[in-house]
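Structures for review follow.
In what comes next, subunit A is part of two complexes: it sits with subunit B in the first one and with subunit C in the second one.
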Partner chain A sequence: MEFKDLFYYPFILGAIYLFGVVIWRFTKWFIGLSKIDKIRVRIGLFSKKTLKSIWESIREGLLHRNVFRNNKLLGYMHMSLAFGWFLLIVVGHFEASSYHGSMFFPFQHSVFFRYYVTDNVDFPGHVFFAYAMEILLFFVLSGVMLAYFKRFRSKAFGMKRTTRMRYGDRIGLTALWLIFPMRFLCETFTAGVYHNGSPIFNNIGDAFASLGNLEPWLNPLWLTYSIVLGVFFVALPYTRYMHIPAEINLIFLRNWGVTLKERRVNTYTLAQVYSCSRCGICIDACQLNLAGIKNSQSVYVLKNIRNKNLTDEVLFNCLICGKCQEACPVGIDVNKLRITQRIETTRQYNSSYDYLKTSEAKKTDIVYFAGCMTHLTPAIKKSMLQILDAAGENYWFMDENKAPCCGRPLMTAGQFDAAQKLIDTNTKMILDSGAKKLLVTCPICYKVFKEDYTLPNVEVVHHSEYILDLVKQGKITLKASDKNVVYHDPCELGRGSGIYDQPRELLSQSVTVKPIAHEREKALCCGGSLSNLKISMDERSVLSAQVMNEFASYNPDYVVTSCPLCKKTFAKTDILPVKDLAEVVVENLTPRS
Partner chain B sequence: MNNIVIIGGGIAGVETACTLAESGNRVTIIERTGDIGGKLNRWYCLFPDFKKADEIKKYLKERIAKFDIELKLNSEVDKAERNGDQWYIYTGNVRYTADAVVIATGYELFDATRKEELGYKIYDNVITQGDLEDKFRAGDFKTTFGENPKRVAIVHCVGSRDEKCHNLYCSKVCCVTGVKQAIELSKFLPETQIFCYYMDLRMYDKHFEELYRTAQEHHNIQFIRGRVSEVSQTPDHRLAIKTEDTLSGRPMKMKLDMLVLLAGMDTKKHNKKVSELFDVEREESGFLKSKDFHIGAGILSQKGVFAAGCCISPMSIKETIENARSSAVQINQYLKTL
Partner chain C sequence: MDFGFSTLEARSIDFDKFDGRILRYVLQYEPSLLVCLSCGGCTATCSAGNLTDFNIRRLQLMLRRGEVENLQTEINKCMLCGKCLLVCPRGVNLRNVVMLIKKALVHFKNQEN
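And now, the complex of A and B:
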């Protein structure tokens, strides 16, 4: 057999291997989904959700809009590589189709088109295709150059840190870095001999030809190009580049409604883990860097899950503040992913809680559940009770003397079985009261009551929503003051539950809320998070002080938050006075005439 | 004759001033408040012998009267400059020239509002040991209900040895202060039940351990090992605390009429200011950094600047007096080298 019948085998075999592995993995992931998730997929498959997924795949998988939003240069790098390569394949196929006069021909004929078509280049649109393919190659090469540059000078991308690599990743990365420069050399050298390109490549080819005879170089170059492609395809499933197919798969699964909410680890975990491109955006989003914690960021946890070497030290050293989730361009649900991983490692610690007793419920309209943290910040509790009394509400203070914890801290520690016992006890008391509303002054409680309790016909309200409602109904009136404040969005209330406007609207009745750099989705964590079981008190202090110093730079009269834990954490820094919004309301309450 | 400026007219400042004046120096005391004595002025009785605080005050007054010491009351240092071996100290529109400066700014009681869970300034009848001394002086212990408290708890280590408020150090004298106050209160109100909640009791000096024993044997004070986690109000507006008796391993709840918080010593505020004025080093705890822990406690990192009393570390009155005299000796040694 001749060279031309053999040289493309590394490429073809690599591609077949890649497709085989990817299809095998996708199938395995689908089989491992929970029953309900499989039903979701079946229903979703023939719905609008599939169309939405296709559009999202183009937007995120090819154009990388989310990366762009985060970092323009990084976005361009990803986009030029992904979208450029995609166009090279598509346009290349049309070019070959035009040459063959048919859409069906061996795949290698489009990939190695310039190898095969060296004479008789007078097919329809050949000038257009020649220009288009060469410009596209330059487009992709620009991305490759940026990738080289980023590897050595990540700061130039505005990224303080980039991810560390494993051995397999280096093979994949090297192959990927070589693919397009090799293609460039193959095509320009060939053009130097046969003039089968556009004037751009023909001229570059001539320039190379002036250095010597190019013809003996052609076969070795094309073979190398084929081998580099083949190596990349074979390496891909074992490197981070698996994210390319996995991300598309994830987009579809997510849109069809597959979730991790079933409280256990299943193959949806893997579908997400493999979708991580290790772009490193989550590393910079993480506040733990400040405290010198550099091994527990989401990208490393995902990598550790994939490589089956996740340690408790890494898994539990996380505030679950959600900043990285907010920044993740792939939209991986890293908080839930981390929490479900914690289930396995803490299974043996689940308490039986046999001693839990339900107290007798009082019939009422509103149940007030203060929770552990509000009990530790009595100023908040006292203010909330004053407001309830001022508004003349009919309420029952459920945990005035005793009641179990809401369960959320146990859940974030992965102790779902234990948490469920607390949830069951509290649920019975709440339902027995016949209340229509459950009022909480703590966002940690709010999130768990809202998401993990089954409380039919009971509306769970955070006190920011509730007090605002009292004001709107005219049950209480507030007077204005000349105070300027900074409002801190608690993680569980803001990113965790999407409540940003109600606290601000309520505060604006009495004080001026100054806009700050890190607010709403971008808000920083106070550092007090109950979800981090590894961080030291000193490391926490570094985080809290950083946030408070940022607040101090706006010269507010005081800081307002709506979470007792944030309040306690900030108060320790002794940098600025901190108040809960209930306290601000009480200070500005107009007595009823 | 050398000029010396002393910042702070508390026990440490006055004793240093008198000792230095005694050895022939010209001394000026700059005092923030309108009187000498510092924290002593608030205290009623002193541990371990229940000597009246006023007797120490009388000693200081009589001693200072013997010397020609300039007492600049109601003044604070605005600026300090070093020029070779001399210091210029500015207060208001007066400038003092000094060959040596002594920082004797003492301490503040830890701001107990920072431990919000203990309810200080949120609930009535939660007070600090300082507030209790006011009550001893007034001889009136009535709660906001107008009655004498029937049950009182004293909480040790509020803002001391507490990682959560960044104060890792031990304030040293609160343990025995708590024991002293418990006994004192039981003398005033023999019917009142008194409980002390502690982590451990550091009865480090002469007579302290005996005092602790007396408290249990003769005054029926109950000592419970456990920290108070949470204070709340009962529907009848009494106080309720949650704690754990860590010796029996049981969580407990208790209703109270009065809660006394033994706030630790906090020097951060004043020491931050003086360390900036004189460019002297502080430790992470906020106390001033001595040149040598063992043999140079009063010598600081800046030439010609010395310290005495609680701005260096927590001290009892006895230790403050000793430390002040010791610093005076070191200052005299320094002055000879000029």
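And now, the complex of A and C:
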């Protein structure tokens, strides 16, 4: 056999291997899904969701719109590589089709087109194709250059840090970095010998030719190109580049409605883990960096799950603030993923809380559950009771004297079975009261009551919603003041529960809320989160002080929040006065005439 | 024998029963326990202590004195609510101590079997 029949084998074999491994993994992941998820997939398959997924795959997998939104330069890098390469394949295929006059020909003829077609360059559209393919190659090469640059100077991208690499990743990365420069050399050298390119490559080829005879170089170059491609394909499943097929797979699964709700680690975990491109955006979004915690950000957890070396020290050193999830361009559900891992590691030591007893419930319209944190901030509790009295509401203060915790801190620590005991006890008390509404002054409680309790016919309301409602119904009236405030969105209420407008609307009745840089979805965490079991007090203080200093730069009269834990955490910094929504309302309450 | 002084039962450490494994395990991962000054703030605010005779400060003392028999039943009463963390004047990360004790108990039990 001649060289021309052999040199493409590394490429073809690599591609077949890659294809096999990817199909094998996808199948394994599908089989491992829960029964209900499999039904979701079957129903979703022939619905609009599939079309939506195709569009989303193009938008995210090729164009990388979400990365663009976050960081233009990084977006361009990802797009030029992905979209550029995709176009090279597609346009290359059309070029070869035009030459062969048919859509069917051996695959390698389009990939190594310039190797095969050196003489007869006169086929329909050959000038267009030559220009198009060369410009596309430059487009991809610009992305490769940026990638080199990013590896060595990540600051130029406005990113604090880039991800660390492992051995396999290095092989994959080196191969990927070599592919396009190799292709460039192959095609320009070939053009230098045969003039089968556009004037661009022909001229570059001539320039190379002036240095010596290019012909003996051609076969080794094309063979190297084929090997580099093959190596990249074989390495891909074992490196972060697995994210390329995995992300597409994830988009489809997610749109079909597959979730991690089963509270067990199943293969959907893996489908997500492998979709992480290690873009590093989550590292940048994470406040823990400030406190010098640099190994527990989401990307590292995903990597550790994949490499099976996740430790408790890393897993539990996270505020579950959700900032990284908000920023992740792939849309990986990192919070839930982390919590399911916590469930797994602590499964062996859940508590039973046999001592819990339900006390007698009082018949009422509204149950007020203050929660542990509100009990630690008596001013909030007092204000809330004052508002309830002023509005003349018929309520029962459920945990005035004794009550178990709501269970959310246990849940974020992974202790779901233990939390269930608390949930059952509280549920019984609430339902026994016959109340229609459950009022809470703590977003942590709010989230768990809303999402994990089964309370038929009981509406769970956070005090921001509830007080706003009282104002709208005319049950209380507020007077205006000339105070300027900054409002802090608590993680559990904002990103966690999507409540951004009600607190602001309520505040605007009596004070002016100044817009700030990190608000709503982009709000910072106060640093007090109970979900982090590892962080030290000193590290927490660093985070809170940073947030408070940012608030101070807006010169507000005071800071308002709607979470007792945020209030307590901020108050410790002694930088600005901090008040809860309820306190602001009480200060501006006009007595009934 | 009379040495001219007596010992208080509550203040003595019985070295025959002393089991320091759990303490060492906890301290390895949560050294902040060392700075506890036994002020009792945590116990005063404790949610679980509000419902039972659970006493987190005493539990730490038991741990330090290597008395681990009752540790398991006691430690399981904590609800991880976080109040102790917020009142502690020394910033002792008690919730992590609780989780580490729970983990250590399972860990050493598995080791024995």
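Just so it is clear, the second predicted complex is superposed on the first by the 593 of 593 C-alpha atoms of A that agree within 3 Å, B and C clash if a C-alpha of one lies under 4 Å from a C-alpha of the other, contacts with A are read in each partner's own complex, and residues count from 1 in each chain.
FYI, a contact is a pair of C-beta atoms (placed from the backbone, for glycine too) under 8 Å apart; a residue touches a chain by one contact, two chains touch by 3 or more.
Bear in mind that the values here come from a model prediction, so they are computed numbers and not experimental data.
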{"item": "Overlay on subunit A: subunit C relative to subunit B, clash or fit", "value": "clash"}
{"item": "First, second, both or neither for A:348, with subunit B first and subunit C second", "value": "second"}
{"item": "Touched subunit A residues, subunit B compared with subunit C", "value": "C"}
{"item": "Partner chain in contact with A:70 - subunit B first, subunit C second, else both or neither", "value": "neither"}
{"item": "Partner chain(s) touched by A:410 [first = subunit B, second = subunit C, both, neither]", "value": "second"}
{"item": "Touched partner set for A:356, first subunit B, second subunit C, both or neither", "value": "second"}
{"item": "Partner chain(s) touched by A:537 [first = subunit B, second = subunit C, both, neither]", "value": "both"}
{"item": "Touched partner set for A:571, first subunit B, second subunit C, both or neither", "value": "first"}
{"item": "Subunit B versus subunit C as contact partner of A:420, first or second or both or neither", "value": "neither"}
{"item": "Partner chain(s) touched by A:381 [first = subunit B, second = subunit C, both, neither]", "value": "first"}
{"item": "Colliding region between subunit C and subunit B, picked from 59-67, 221-229, 275-283 or 311-319 after the shared-chain fit", "value": "221-229"}
{"item": "Common interface positions of subunit A, toward subunit B and toward subunit C", "value": "375-376, 537, 568"}
{"item": "Footprint of subunit B on subunit A - complex, ascending", "value": "375-379, 381-382, 400, 537, 541, 567-568, 571-572, 574"}
{"item": "In the complex with subunit A, residue positions of subunit C that touch it", "value": "29, 32, 45, 47, 50-52, 76-83, 85-87, 91, 93, 95-96, 99, 102-103, 105-106"}
{"item": "Of all residues in subunit B, those that touch subunit A in their complex", "value": "111, 114, 116-117, 119, 122-123, 163-166, 229-233, 268"}
{"item": "Contacting residues of subunit A [partner subunit C, same complex]", "value": "312-313, 316, 346, 348-349, 351-353, 355-356, 372-373, 375-376, 402, 404-405, 407, 409-410, 413, 415, 422, 528, 530, 533-538, 565, 568"}
